[in-house]
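When the chains are written out, they are named A, B, C, D, E and F in that same order, and each has its own residue count from 1.
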Amino acid sequence: MPYVNIKITREGATPEQKATLIKGVTDLLYTVLNKDPATTFVVIDEVALEDWGVGGLPVDAYRRKVGEKS
Amino acid sequence: MPYVNIKITREGATPEQKATLIKGVTDLLYTVLNKDPATTFVVIDEVALEDWGVGGLPVDAYRRKVGEKS
Amino acid sequence: MPYVNIKITREGATPEQKATLIKGVTDLLYTVLNKDPATTFVVIDEVALEDWGVGGLPVDAYRRKVGEKS
Amino acid sequence: MPYVNIKITREGATPEQKATLIKGVTDLLYTVLNKDPATTFVVIDEVALEDWGVGGLPVDAYRRKVGEKS
Amino acid sequence: MPYVNIKITREGATPEQKATLIKGVTDLLYTVLNKDPATTFVVIDEVALEDWGVGGLPVDAYRRKVGEKS
Amino acid sequence: MPYVNIKITREGATPEQKATLIKGVTDLLYTVLNKDPATTFVVIDEVALEDWGVGGLPVDAYRRKVGEKS
């Protein structure tokens, strides 16, 4: 009965992409650890850019600084 | 000084229901472990249906498949 | 399909007390929001005193300072 | 590669204040534990007042009762 | 820069299985959302059976009751 | 009443270093957002190297690959 929490920045992930994440993680736990999909929970949190920091900066400021995209 | 996080799908829980959850969990921790309510935090997260997966599917797709309601 | 995480300081909670917490929270979610116990997860984390801070101090130092117990 | 999650009640924290939190926590981890800022993540969650409980009450009801502000 | 937390019951997952989970989740986020693996964090928590509840019971009691394994 | 969770790899952080983190985060929230230290909780989780992944690898394998230290 795994519980998986995925946090990503809010940048337009579609319901279809989220469904693919949910299926992918659930399949992975079944394949690797034989966890029953019926009791595998996956919760996705989308986090606003201003609420996510890396390198000591909010994500958008960080990206402007280092030219990163992820 | 417990910290409790309750995640539920976003389906119209009212402020009154949330207040009942907060009181119920706080009382429980006092009764069972003698935890001081004044330093018991309860945080409720409501999660959109498309962001919660079970059985490898987003909740609404899962419910359509198995006829479950919870 | 709620997910509940309870964090308490590690101070000797017994398996029986944990089972009481699990049952109490699960019953509460069923009573208040009609959540199916079969898909209600409760995860308890016990946190070492040195890893929990309040008032700017680790819990044990804080308790010595304010004479609190919880 | 620390991961820090800061949960606060939603009461008008500005992007500038959030950026200050992100920088402050990142600097702290560098200073105390020599953690590389480039791999330090900080995620801020703002929680609605009705979703945060303390003292067995939602925050606003709790504040009315005890005259607290924080 | 995703952050993924996987919680499973503590039942002997090997370092190799954990490495497979880490790789699988990271690849999934790259494939579905083009997330850079270099800034994808995965944290695995193994939870003692007595600390995980489902159906209002600790996992081992729940399994004895329903004959489930997952 | 903020709640802060700091996750770091388990690599020998001392109780004194943890106390410095607790004080630093608490002071920061007071300075930036005027949060009362008495109701600021900080919880530190130390995560085993095999349980933390980055770049699709457990931390120690990742460090061997890229020569990183953090």
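The working rule: a residue touches a chain if its C-beta (ideal position, glycine included) is under 8 Å from a C-beta of that chain, and two chains touch if they have at least 3 such contacts.
Listed by chain with UniProt protein names: A, B, C, D, E, F = Tautomerase.
Computed from a predicted structure; not experimentally measured.
Q: With contacts counted as defined, which of the two, B-F or E-F, has more C-beta pairs across the interface?
A: E-F
Q: Between the options A-D, A-C or A-E, which interface matches B-C on more than half of its contact pairs by residue number?
A: Matching pair: A-E.
Q: What whole-number Å value describes the gap between the mean CA coordinates of subunit D and subunit E?
A: 26
Q: In angstrom, rounded to a whole number, how far apart do the mean CA points of subunit A and subunit F lie?
A: Each chain's C-alpha centroid was found; their separation is 20 Å.
Q: Counting only residues that touch at least two other chains, what does the list for subunit C look like?
A: Residues 1, 3, 7, 21, 25, 38-41, 43, 52, 54 of subunit C each touch two or more of the other chains.
Q: Give every residue of subunit D touching subunit A within the complex, in rising order.
A: Going by the criterion above, the answer is residues 15, 18-19, 21-23, 25-27, 37-46.
Q: Could you list, by residue number, the parts of subunit F that touch subunit D in their complex?
A: 1-9, 13, 17, 20-21, 24-25, 28-29, 31-36, 38-40, 52, 54, 59, 68-70
Q: Which of the residues in subunit F come into contact with subunit E in the complex?
A: 7, 47, 50-58, 61
Q: Could you please specify the touching residues of subunit E with respect to subunit D in the complex?
A: Touch list, subunit E to subunit D: 1, 3, 39, 41, 43.
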